[in-house]
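Data first, discussion second: the structure below is written as structure tokens.
Which chain is which? They are A, B, C and D, in the order written, and residues in each are numbered from 1.
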Amino acid sequence: MTIDYGATIAEIAQELAEKTNHGKVPSYIPELAKVDRNRFGICLTTIEGDRYMYGDSNVKFSIQSISKVLSLTMAISLQGQESLWKRVGVEPSGNPFNSIVQLEYENGIPRNPFINAGAIVIADILVSQLQHPKQEFLAYVRGLCNNPDINYNRQVAQSEKSVGYMNASLAYMMKDKGNLINEVDEVLDFYYLQCSLEMTCVELVDAFRNFGDTGVPFGHGAYFLTSSQARRVNALMMTCGFYDESGEFAFEVGLPGKSGVGGAIVALLPEKYCVSVWSPPLNKKGNSYMGMMALERLTTKIEGSIF
Amino acid sequence: MTIDYGATIAEIAQELAEKTNHGKVPSYIPELAKVDRNRFGICLTTIEGDRYMYGDSNVKFSIQSISKVLSLTMAISLQGQESLWKRVGVEPSGNPFNSIVQLEYENGIPRNPFINAGAIVIADILVSQLQHPKQEFLAYVRGLCNNPDINYNRQVAQSEKSVGYMNASLAYMMKDKGNLINEVDEVLDFYYLQCSLEMTCVELVDAFRNFGDTGVPFGHGAYFLTSSQARRVNALMMTCGFYDESGEFAFEVGLPGKSGVGGAIVALLPEKYCVSVWSPPLNKKGNSYMGMMALERLTTKIEGSIF
Amino acid sequence: MTIDYGATIAEIAQELAEKTNHGKVPSYIPELAKVDRNRFGICLTTIEGDRYMYGDSNVKFSIQSISKVLSLTMAISLQGQESLWKRVGVEPSGNPFNSIVQLEYENGIPRNPFINAGAIVIADILVSQLQHPKQEFLAYVRGLCNNPDINYNRQVAQSEKSVGYMNASLAYMMKDKGNLINEVDEVLDFYYLQCSLEMTCVELVDAFRNFGDTGVPFGHGAYFLTSSQARRVNALMMTCGFYDESGEFAFEVGLPGKSGVGGAIVALLPEKYCVSVWSPPLNKKGNSYMGMMALERLTTKIEGSIF
Amino acid sequence: MTIDYGATIAEIAQELAEKTNHGKVPSYIPELAKVDRNRFGICLTTIEGDRYMYGDSNVKFSIQSISKVLSLTMAISLQGQESLWKRVGVEPSGNPFNSIVQLEYENGIPRNPFINAGAIVIADILVSQLQHPKQEFLAYVRGLCNNPDINYNRQVAQSEKSVGYMNASLAYMMKDKGNLINEVDEVLDFYYLQCSLEMTCVELVDAFRNFGDTGVPFGHGAYFLTSSQARRVNALMMTCGFYDESGEFAFEVGLPGKSGVGGAIVALLPEKYCVSVWSPPLNKKGNSYMGMMALERLTTKIEGSIF
């Protein structure tokens, strides 16, 4: 049976348009708060490269935590996995309330690279390994999408840093435990810039489609992920990609993926397709309210989970 | 490319035979301690039903926590998912050290049905719903394997209960929080009996092959799991099947599965195959030392992970 | 300056009679819930033995946790301090929310003998050391007050035990960690009976006056506390006597003392006086609402704190 | 009976001189590590002002956490108690392992003003209330001792700040929770300077003798503590003055007091005497090894505890 992906995503978008969006746009920084809550974009690409899109799929938004997957892949290709996985774990955090407890208990080793503490360690690795971390990371992401029109939003980065007390608290604890090599301020500076990357739904699937093409390594220049490394990153997205809702997402959707507080979610079915949705209001766990519903419907309609 | 499963599992078994087994057979109850640590069995069945086996694949062992998947499916088919998932979550526990903390913090709702607290809640549901829980659950498992030669080991159950202080502590806390309906003693009685089920590698794949045939419902008599329910149980095995090593298993192996302290592991690749391994010595996280290695090699050799 | 204790406690009682009692009588067991919330008694005795009383000072009530001080002194005189303080600590618990966390983290060693877990360990010691724990403990308390008219209330004990799931959870955890020697059921049986002791305000000061006469040992029969041991128990009452309000009580009142959920508080100023108050409604921390106010006023009026 | 305090402290000093000091001088900053571990000083003053001293009682050392009592009294006299006790509690912390857990759980309100987090909040209050916090606090302490020869050690302050990652972590968490008004950096700057105060045993008893004279207010200039406020600070020293060894100190010594990692302890018996000891090596809980022993002996020899 061939699936009409284009018709399916349009159908989903129309169904959701009739639903009330009970999500909330986060208000902690003005730059993210002022985005139009009614934006909705979706883009699906097959592994072969056929793209289907609907709505605001070419509008830029802040990818936020989705960038953690990209910084991780760059760090893996830079220094290999062995030493990296000594500084950050691969287990779900399972801790809705306070990751700092776990961090203290587990000696400053974050549970996985997708919780903030873990992503800060990855940022520390990039700061150590790269001459010009900010430029080189941007070049890496542009290369993945084959698209020079991707940029940071320095104002968003600055705003987030200015109220990012909790991340500073986490970073100083890791510094205390010896799991942060560079100065806290320098690492956080890079971290917030990385999170401020702006991309569209289309650009996201261009970048993440690579993960779905599991038979071949991907990357460019000096930075390549082997096929086996890519599969492991998929496994991490499966178990840890949605904060404290990762189990729920696996349970309801059944795809590896990653969400960000900017309201975007990207997910993929290996060897089949990669999909991204963007709708700014978030549910209580911090994932896009409509994005979660869209992907539940998608894997229900096309029976396309990995399970 | 067709895969020669039989040759592959034999090859793995032979490779592992040359490795030192650094695992330890648990000593907390005499019945489990006296098992021969050199036992090794493996059995793989394709979804179509072709079986391949090696070593002690027809020797009975205590399936222990693997039984939690079967009690869960029986509970789902008995009372549906809606009310069940109000009493137990679907998130990984992420807590190596003390699930009782999480249980207290989260008001007596266990994080998932595969940690002990969660399985005790499922046992409570079966005790409430069934007239003769012990007989009916046994009949259910026998039916899944189409095999009347499956039994409890009452001596193992009794031994485990007599030293099961921590489970009693968990159960009383849930009773205190209102998440246990029947008497603690009655629920634990059933729980330990359920865990004492004895099966062989072959019988395990016969039972769990059903989960891999994701297009069709499975079960017998009054107890059926829809295709969508089965997929969700697969997702749970993926994210929560290996105690605090679930992330690691997803990362290294990439299959939904479940392990037990008896030294067995069962795992499956939907639409393809189901595999079980048995080797009693456990690693530090409580999973079969050789079992984990066997499955890592399997998905490396045949590139058969879900990612 | 000589203090007119009689006039002072009458004055306090009259002042409090005009205040609204915002406390609540605990409802978890019928026997304690049906007590008249307007009961109010107070009794003060100088170390020399002059007694002053007001209100319902001769009415019996359930002393509950106040009994923990008496079981501790009996245990100290039975087996000395050295081995006892290896099984239970002398630090405040500082944990409003869940002592089971601390218990698990600290390997089953309760922080002090006045939190429930600690008192259960003390009960375990008495069960081990005494031939007829229930009779002998009762005889010990009667002897301290020189009063044969003190009894358990078996109905209260039975009621509390039947809903005491949290204590069972704590006890099983300690059993798991090896800090409970006897069967959980037998220990809890004794523990609930001990807590069900019924005494009057007058009887309480008769028993606790001994602690204030710090220059001489006290006890009777085979059970004596040295002067130095008594001082140490006073220190414990100071730092740990009021659940999570111990610091507050030290801060506001400044006397060693102990409260119980029956609504009684007993406190003392070494070498000077011992005082008890009874008023059933409790504040949010589980201490008598009016009792706390009465003692604050007392040490303000007579400048009689230990600081 | 009149007590010969001079003979008593000399006797204690000589007894301790024969004991092996199993304590360790902290090595985390060079300035504190290079102090001579054999230094030993003791000074006792009666409330009337008779001073007895022995050994290095006129040698300056870093008072460290003992300064937290002085900053607290200044903060109380500046803004009164009402608003102050909304931002910091009066309960013992009871948490040997990680105060950051409690801080997160309790919404950024430290348990008491003597744990680091609490002292940082007090520092924040002083930074808010004073025009020139550093100079004014120094003037306040000098005034309490009536001694202009008391100074900060800026090198110690700088060293401690440069490795004080854990305090930065705590401070940023409180900033996140809204319990820190000024910039983290400014508050920590003041905090480390305050802790770097250098005093002698004699100067310490001169300052803390005031707390023992409980009938009269004390202070100077605009800063006075009422008699009732001083008593409450004594109660706090009793329940929270010795980190996680506060219960132990109350139990073994029975005096309100405060210790610092510089190896000093100051303690007092209201209306009777104030005593300070200095010996740099610390026990495992961070209190002076010999200092604790000296005070245990003192209250044993003169039966001078508050209980």
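The rule is short, and it goes like this: a contact is a pair of C-beta atoms (placed from the backbone, for glycine too) under 8 Å apart; a residue touches a chain by one contact, two chains touch by 3 or more.
Composition by chain, UniProt nomenclature: A, B, C, D = Glutaminase.
What you are looking at is a predicted structure, and each value in this text was computed from that prediction instead of being measured.
Common neighbours of chain B and chain D, listed by label, are A, C. Set against the C-alpha centre of chain D, every other chain centre is closer than that of B. Here the CA centre of chain A is 32 Å from the CA centre of chain B. With centres defined as mean CA coordinates, chain C is found 56 Å away from chain A. One finds 48 Å separating the Cα centroids of chain A and chain D.
Residue positions 97, 105 of chain B each touch two or more of the other chains.
Across the assembly, chains come into contact as A-B, A-D, B-C, C-D.
By the touch criterion stated above, chain D contacts chain C in their complex at residues 89-95, 97, 102, 105, 111-112, 214, 228, 231-232, 234-236, 238-240, 244-248, 250-252, 254, 256, 270, 300, 305-307. Listing the residues of chain A that touch chain D in their complex gives 97-98, 100-101, 104-105, 165-166, 168-173, 175-176, 184.
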